[in-house]
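Chain naming follows the written order as A, B, C and D, and within any one chain the residues start at number 1.
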Amino acid sequence: MIIAVIGDSSCSSEEAKLAETVGELLAQRGASIICGGLGGVMEAACRGAKAKGGLTVGILPGQDSSTANPWVDIPVVTGMGEARNAAVVRSAQAVIAVGGSYGTLSEIAYALKSKIPLIGLNTWSLSRDGREDHSIIRVQSASEAVDKAVSLAKRRKDYEIASQSLC
Amino acid sequence: MIIAVIGDSSCSSEEAKLAETVGELLAQRGASIICGGLGGVMEAACRGAKAKGGLTVGILPGQDSSTANPWVDIPVVTGMGEARNAAVVRSAQAVIAVGGSYGTLSEIAYALKSKIPLIGLNTWSLSRDGREDHSIIRVQSASEAVDKAVSLAKRRKDYEIASQSLC
Amino acid sequence: MIIAVIGDSSCSSEEAKLAETVGELLAQRGASIICGGLGGVMEAACRGAKAKGGLTVGILPGQDSSTANPWVDIPVVTGMGEARNAAVVRSAQAVIAVGGSYGTLSEIAYALKSKIPLIGLNTWSLSRDGREDHSIIRVQSASEAVDKAVSLAKRRKDYEIASQSLC
Amino acid sequence: MIIAVIGDSSCSSEEAKLAETVGELLAQRGASIICGGLGGVMEAACRGAKAKGGLTVGILPGQDSSTANPWVDIPVVTGMGEARNAAVVRSAQAVIAVGGSYGTLSEIAYALKSKIPLIGLNTWSLSRDGREDHSIIRVQSASEAVDKAVSLAKRRKDYEIASQSLC
């Protein structure tokens, strides 16, 4: 199971703490982490995961693996800039957003477009015509985020296997 | 001057009318149009532009130029799927969003990240921590959208030229 | 009709002269040019095309339209680095390679994979198991290159239109 | 250490055997494998690696992780088509090409452009102006390929660490 953790490369210490706990809990549940590979929320989540023996994948925007944070096991060097955001979320069975700025917003958009379950911790709210879009599953704590993500990712994985066996 | 028009490939007839008028007015102001090259809002904007002799560029997600709507002069065949959304907005000096679903939301996010002026007609609203993000310049009509886009794009173009001459 | 001209961003004066003549002749035949938008062969081809009133499109690797050479009418800002090479050739009905280094080689590979006619002027030769690959159509002059490209592009365009009308 | 194994999605049984042995030997040397994630050479290399307890990463062109071969541990879903080829080789410290068609040729081009060591087993030969390009390091066996790749990747990794510590 691979869960994406998305958020800004510069973040508050509260957000870093949240992301680190998310990383720890995901690793304890046996989930690998995929992220954008840089600092801030991405780094905190990877650090948490490595503290608990998890596997971490970083999908880097630049041309050089040395830009990965030190807790990335598998740096994927895309050289595709922010276009790599699509790959971060599509590779996951569920996505956890911690805070986030416009880059994170593009990842949220891609996840919702691809119908990948998206759990939000203190992140963007979206509305159209005065009505809120309720596609982001809002939670209040790292453990709630991980519980939701793992259970939805499991369901998605089962669904994918079922779809395949029908082909 | 190149202005991006973004919006959904399936849209209401009101949105199509809005997009078509945006296309017409942009062409009358001498601006070229760039878009995702497909149907709905993209097609309506291109049709409007061609009716007034404008130039239209379509940045296609797929591998085949035949997926472009019939009013695209220059189909750019990326084969990069939704990752092409980054290229649509970055190539423009200003962006006009008409309605839009999650694909459009990713383009809005990329535009705001790249600090490209973004004018919204009946499109997404964004908020964080209960506070609305006012980066999207909201307007009520096609003509207001085009006025804003052209004047901000002109300022941006001047700024770019000034930056270059300083290098 | 859109023809890609590919080649290195630093090139010999002979290659620049060849590319400029290719650009002139394409414009005189009514073909638009698409290229990587930078210097060297790309710049020479665009300069030639503009001297004869042609239209030029540059698919840029970087994040800034100011990197386009001064003869690009439509700079497409991909921010996707060398991954944009796929889009340069796929957007064309035929490709003319003038000299070229490894970046050009990747474009040759993409063109051959997509079965887009590829005309070579003093460019790479490819072989496997001691046998030369004859997919690159080798010519000796700019005018021969343009003749071949235009006639093959026309045939390809007819084929595409026929395929569409069958759908 | 991450080594890319590149080659065609349909290959001869000799090439599949070669690729499988490459995968086995890389895993025994402690190297992770990155590839395009599909069948043929990619699948054989992953199968070999998993037989010896290695870790495998597949950078998929499509939008669905179910297209990965069954021996991919980490499917990265780019949705970027053949543009993902740039990411496959850039993420590696060395590349081993086994046979290959035009897609592989684009990966060879990207590797040489990025100065990533490239070892070739029965793959493309390149020449310009009648002179062969000797950048591809040609070997005759899977074990020779792996020896070269591991030793060059190690040197490259040391170089990267040295470059970083100078910053």
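Here is the rule we go by: a contact is a pair of C-beta atoms (placed from the backbone, for glycine too) under 8 Å apart; a residue touches a chain by one contact, two chains touch by 3 or more.
The model shown is predicted, which means the values in this text are computed figures rather than measured ones.
**Student:** From chain A, which chain is the farthest off, judged by mean CA positions?
**Tutor:** C
**Student:** Looking at A-C and A-D, which one has the bigger number of contacting C-beta pairs?
**Tutor:** A-D
**Student:** What whole-Å value do you get for the distance between chain A and chain D if each is reduced to the mean of its CA atoms?
**Tutor:** Taking the mean C-alpha position of each chain, the two centres sit 27 Å apart.
**Student:** Where the CA atoms of chain A average out and where those of chain C average out, how many Å apart are those spots?
**Tutor:** Chain centres of chain A and chain C, defined by C-alpha means, are spaced 39 Å apart.
**Student:** On chain A, where are the residues touching two or more other chains?
**Tutor:** Touching at least two other chains: 63, 78-83, 86-87.
**Student:** Taking the complex as given, what residues does chain C use to touch chain B?
**Tutor:** 2, 32, 34, 55, 57, 59, 63-66, 74-80, 83, 86-87, 90-91, 114, 160, 163-164
**Student:** Spell out the residues on chain B that touch chain D in their complex, using ranges where they run on.
**Tutor:** It is residues 63, 78-83 of chain B that touch chain D.
**Student:** Can you tell me which positions in chain C touch chain D when the two form their complex?
**Tutor:** Residues 80-87, 101-103, 105-106, 108-110, 112-113, 122-129.
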